[in-house]
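You will see two complexes here that share chain A, one where it goes with chain B and one where it goes with chain C.
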Partner chain A sequence: MWFYIARRINLFVFTVAVLYLLVFLMMSALPGDLATNLSGVKNPTITQTDIIVEQYKLDKSWINQYLSFINQRIHGNFGVSFSNGSPIFDEMLTLLPATIELCVYAIFIALLIGLPLGIIAAVYYKKTSDSFIIGASLVGYSMPVFWLGVIAIMYFGLDLQWLPVAGRLNLLYQVDAVTGFTLLDIYLSDIQYKNLAYHDALAHLIMPTLTLALIPATVVIRITRTSMLEELNANYIKASKARGVHPFIIIFNHALPNAIQPVLSQISLQLSTLLTSAMVTEVIFSWPGIGQWLIQATYQQDYPTISAGILICAGFVILISVATDVILIATTPQRRSAVHGSS
Partner chain B sequence: MLFPLGVTLANINQNQRIAMKNWLNLILKSYFFIAVIALAGCTPNIDNNSLTPGIVYCSEGDPTSFNPQLTTNETTTDASSYQLYNRLVEYSPSLGTIVPGLAHRWFISDDATRYTFYLRKNVKFHSNDNFTPTRDFNADDVIFSINRIIDSAHSYHNISGGDYPFFQHVGFTDIINKIVKVNDYMITIHLTEKDASFIANIAANFMIIQSKEYADQLIAQDRMNELDNVPIGTGPFVYDSYFHNNHIRYKANSDYWDGTPEIEQLVFNITPKSTNRIAKLMTGDCDVSALPQSSEIDVIRKNPTLELQIQTGFNISYLGLNTERVPFNNLKVRQALAHAINKKAIIEAVYYGSATIADSILPPLSWAYNSSLKPHDYDINRAKELLTQAGFKDGFTMSLWTSPEQRIYNPNSQKTAELIQGQLSLVGIKVEIVSFGWNIFTSKLKDYQYDSVLTGWTANNDDPDNFFRPLFSCAALLSGANKVNWCDNDFDEQLNKAIEFSVQRKRVPHYLKAQQSLNQLMPLIPIAHALRFQVKNRNIGGVSLNPYGSISFAKAYRKKQKNKQQVKK
Partner chain C sequence: MPLLDIRNLSIELESPHGRIRAVDRVNLSLNPGEILGLVGESGSGKSLVAKAIMGILNDRWTVSADRLRYNGVDLLGLSAKERRKLMGSEIAMVFQEPSSSLDPNDTVGHQFHESLPMTECKEPFYKRIKWRNEQIRGLLHKVGIRDHERVLKSYPHELSEGICQKVMIAMTIAYKPRLLIADEPTTVIEAGAQAQIFKLFKKLNQLNNVSILLITHDLQHVEDWTETVTVMYCGQTVESGYTKDIFKQPFHPYTMALLQSMPHFDDLLTHKSLLSTLPGSVPSLQHLPIGCRLGPRCPRAHKQCVETPMMEKSRGHYFSCHFPLTESIEP
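And then the complex of A and B:
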């Protein structure tokens, strides 16, 4: 077990190192001065240049440069943004919670919708409801996020005027960003109309979250269905049935705990897709998260910001997949036989 | 959910696994329960913000600072001029005259070179975490605010760049001889010569009064940059916070000399995309929105909760001809172009009808407008005839410079340029369109390397001088603002004569003549006066549209009665 965890951590470190190497090579290949690209300081003064050269060891060999690049980034120095000159790391800290908030709620909603539907589909295997759920999930899976978001805005926002279409909260509620998570911030703030603020924040959340949740939800439905089917056909289920155990108990006590593991591992694999869709969703719904920020940076050719975005987003995905891997192994002993992590 | 499972890392035996399964079981059951409740209870409900006494304004961009003296950028003046500050005298759009501001009375001497202002007493400056005013507004603040602009040795002159574009245009430094403090509540400004447009310039959005006491404190703290970025003024709202690219928050100034605003807070929701602004307005995230695009006007008109405010703008969009270059040094060619351009088609295609055809450089609303000008009607045959007379029977090739960015006077210059290109090709003139981003465009124009240029002008006050002098005087040739590269001494003389009188009636004939000579000599072809638009929710009152730009929320309020009914619905 410990050996397995060590191997995973090893894998994590090397993947991140390769990621940093790629980003570093990209930075050197980009037009412009490497010092400017790495630090984000445009037209630096002589003292600034000296500091940058010292920080990134630009007078040494490229391996030294690469190592000090990693060193700077790990210590939170991501340079400053080309467009407004503010430290990228601070900016990211204010934006990341918005994205995480959106993703967490989306995963929650995906499980909320996906698990029950997947179970229903498996229990009523090859019945009408199964075909209906599977058909609907296929339609949902094929729906592009950007299209769905725009249609939702058109219909629920502009036609019916049920839901707000942009931002996280009506700005009349003065909620200071303490944690960056709107609902928590409202709880921590001392504004007058808290209930209204909660209401407003939730109204702002509904459309982006549902849009983002759609694809993971369909994936959850399909995986849940498959693995539930497998379990329901297992001999121990048949034995329970024969003993006359209540079907509800069979499904929830016996089959589901075994069937849920592949679903959870699938969710972690979905994370990179989720982050990509989150960026699109953020742009559509003017959600002030990391996706919108990165796309703006791409427009403005803000290289330090783009590279920081790559490092953080890719690093985040790697970290989460390694972490879920370890947790899954810890909770599923039969997987541990694959010591070398071939899957 | 996953974290407690990790506890089982160390060693797992059968019993624990069973315990774990029961635990998972419990989670899943309660989870199902929540799922049912949550899905059933998911009835969307929009909140009308009826209980939060404030107004959200969807603005189009980030202000460059909070001091309008430093810019002619309308986004900046919107965010500061009438929200945070006051002027000595104010221009009232409804009355069309100058009304008292921080000066409750003023006198102009008989020779029109001395302006005496009697200042209002008991006017309080804002306070913030760093600054609490110890005295009321007085003459020192006025002298500080004007001197900062005109005195290049002033300690604040070069803070924030040292550029005061509006004041450079109107020649403030040359026109003001000295400012004399008579007592704490009375000042006299001595001019070097007569200038009838001076009082209009004092009332302009840009001539705001800042606190000298605050400025002095910032010098002592060595935080001089904050004067323009953490603003202190006397206006109806107090600056609260600004988040770049996100929002600006203001709180009502409870000590405001002209009555505390009815709304408790004002928020500028910075939304660069026009469609997003309209969407936010429709869903209630904004109450008032800036600059809707002409193409969106129909959608807004159809929506019963929105109200579109329209105002003839004091602006002009024109095609300037470089009168020093061949073939535009030939009057006949310039006239031919005027006949060859179909202004009506441009107004329909580019402005979607939200503009009026321009015959003169002055909009018809102006008191100096010359209604007897002979318009150059759209007439291709006449244009061809004139071209033949000028010796360009087979046409010629010309360059047309423009900038693709949206301006108040022209929502889509690129499209306008393309239409002109098509229209001129009918008379045999081949047009090459050259376009640059706005900043590069304005800097490149100074070299006069173009044949023609599609640009425009937005007036800062109702004085007609504001249209002529910055654009067509010989002096403007030096500063590069004279885009038509044109200097006519008779024309200049008319302008100079006009500002010698302070009585409107006496000035009018000179402006009529000036317009007449522009119409005859055609250094430019006026195209359109764009209408100004603003959209607001019908629940909001007291926000009027100012023809010279800069929105004011001082008198804004939310109609309460109507709102309660809506909530009940």
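And then the complex of A and C:
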């Protein structure tokens, strides 16, 4: 198993290297000076130019340039933004937690809704509840995120005025960004009205999270249902039924642990889709996350910011998929001793 | 009164081509303390019968029977809960592929813990784990597993098929069943372990008075271990009676063909001579012949065979054939 983990880490390193190479090639292909594109300094002075050439080894071969590009990025030097000249890395540090917060809660809710419904659908296969759940998941799956977000804002935000329509926290609450995760920050801060702040943060979270969770939830329902159906027909389920084991024990102790593995691997595959819909959701709900930031950068042709966004988002997806692989291997006894990924 | 009494059991499958009768009016009766063999080629519906008795068939299958009784209880009329109670205490089944009959994601020990009948435990709750472990150890020793600690800690894929089958048997005898259905218990097991498992069955039969329904396609096992035998072909009962009688004088051409296909390695078998077989293969479920299903393959088929023959009885020996064999089998 340790060998397998080493192989996965190896894969991670090489994939990220290829990602950096692609971004580097893109930067050199983009219009404008490579030095400007990499560093983000628009009209550098002579001393600044010298520093940039020295940092990115622009007087050497392109391989040297590529390696020093990786070196700079790994050490947190993502250059400065074209639009406001502030360091991109600092901006990302404040924006990334907001996006991760949204995605993590969305996945959590997707699992919370999807797993039980999928199990119910599989257990009552071809009964009314099954067709109802499958129909509802089809409707949910085909609902566009942007439309759903706007409708939710109109109904719950404007008509009923139950929930706030934009932002992460009301400006009334002065909470310092320590970790970047609102709930955690409120916990760490020493403001007077903590409970009210929690309420407000949760109220801000509800609509974006649910909007974002809809599609993953339907995917989870369908995959859980198929893999549960497969497992419920397996021999060991029949054998435990024949031993008179209680159906609840059969479903939750035997069928579910076996059925959940394809669900987890599918979720990690869904992550890139989730990030894309997170960007849309962030724009709709004015959520100060990385997606909104990236879309604005695209409008302003802010090349350093775009490249930083690509590196972070793609790197995040690769990291999560490698981590899921390792977790899946660690939780599957048959594959624990495997050296290679297949089977 | 027979322990298991099956009269005209039919198992049907809904398919796009209409209803397919995979098992056609099968009769079976098993007396207490008896070992009954159920023989037939693969695909003759033996496992379906077993699963119908246990009630673990998919929803796709429809089971109907004039009588499907266990110890006087109508199995088809039971609710799910009553059936579970019955299966958890009186009827047990051993499956064909032991390693796939254990949850691949769970240790053998944990699965064993679940299958123990806790109603038998009289200990207070804090002594229960100890009681369970003792029970499990005893059961594993009984089926011939000595290194119980390693086995209990292992996952099913780490054990051999023979050990898995022994574990399965240990789990099933944990609640002291009165009827054990063994569905080809030794097909995937090496020869040495096969004999051990059959000896174990015999021991259970003699010491605990367990009735056994042994489903197999190996006539050698039937001859060695069973008292009565029912031969099935393609979902129909062709012959049933005492094993001794049937092996001495089969009445049905199919039983005859089965017996002849058993190679006798003593004499008469010359070098590179052809072994006798029944030509053709079992028809697929979509293309079942009408009447006697053996018809197209039967060496003695006549025009009359398109009508299903009735079960006839001759001195405790049932057969369903219009033209029973009367000449005796070659030694």
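In this section, the second predicted complex is superposed on the first by the 334 of 343 C-alpha atoms of A that agree within 3 Å, B and C clash if a C-alpha of one lies under 4 Å from a C-alpha of the other, contacts with A are read in each partner's own complex, and residues count from 1 in each chain.
In this text, a contact is a pair of C-beta atoms (placed from the backbone, for glycine too) under 8 Å apart; a residue touches a chain by one contact, two chains touch by 3 or more.
The model shown is predicted, which means the values in this text are computed figures rather than measured ones.
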Classify the contacts of A:A242 with the two partner chains as first (chain B alone), second (chain C alone), both, or neither. second
After lining up the shared chain so the two structures overlap, which partner does A:A234 touch, if you call chain B first and chain C second: first, second, both or neither? second
Which partner does A:L158 contact after superposing on A: first (chain B), second (chain C), both, neither? first
Going by the touch definition up top, name the partner, chain B or chain C, that contacts more of chain A. B
Applying the document's definition of touch, where does A:P257 land relative to chain B and chain C: first, second, both, or neither? both
First (chain B), second (chain C), both or neither touched by A:Q174: first
Once the shared chain is lined up, is A:G76 touching chain B (first), chain C (second), both, or neither of them? neither
Intersected contact list for chain A, partners chain B and chain C 253, 257, 333
Spell out the residues on chain B that touch chain A in their complex, using ranges where they run on. 2, 5-6, 8-9, 12, 20-21, 24-25, 28-29, 31-32, 34-35, 38-39, 42, 44-47, 49, 51-52, 54, 56, 240, 244, 246-247, 249, 265, 267, 269, 271, 276, 279-280, 282-285
Which residues, counting only chain C, touch chain A once they are in their complex? 51, 54, 56, 58-59, 80, 84-89, 92-93, 95, 97, 100-106, 111, 114-115, 155, 157, 168, 171-172, 175
Name, in rising order, each residue of chain A that touches chain B in their complex. 1, 84, 112-113, 115-116, 153, 156-158, 161-167, 170-174, 192-193, 196, 199-200, 203, 206, 252-253, 256-257, 260, 264, 286, 288, 324, 327, 330-331, 333
Would you mind writing out the residues of chain A in touch with chain C in their complex? 125-126, 233-236, 238-247, 249, 253-254, 257-258, 332-334
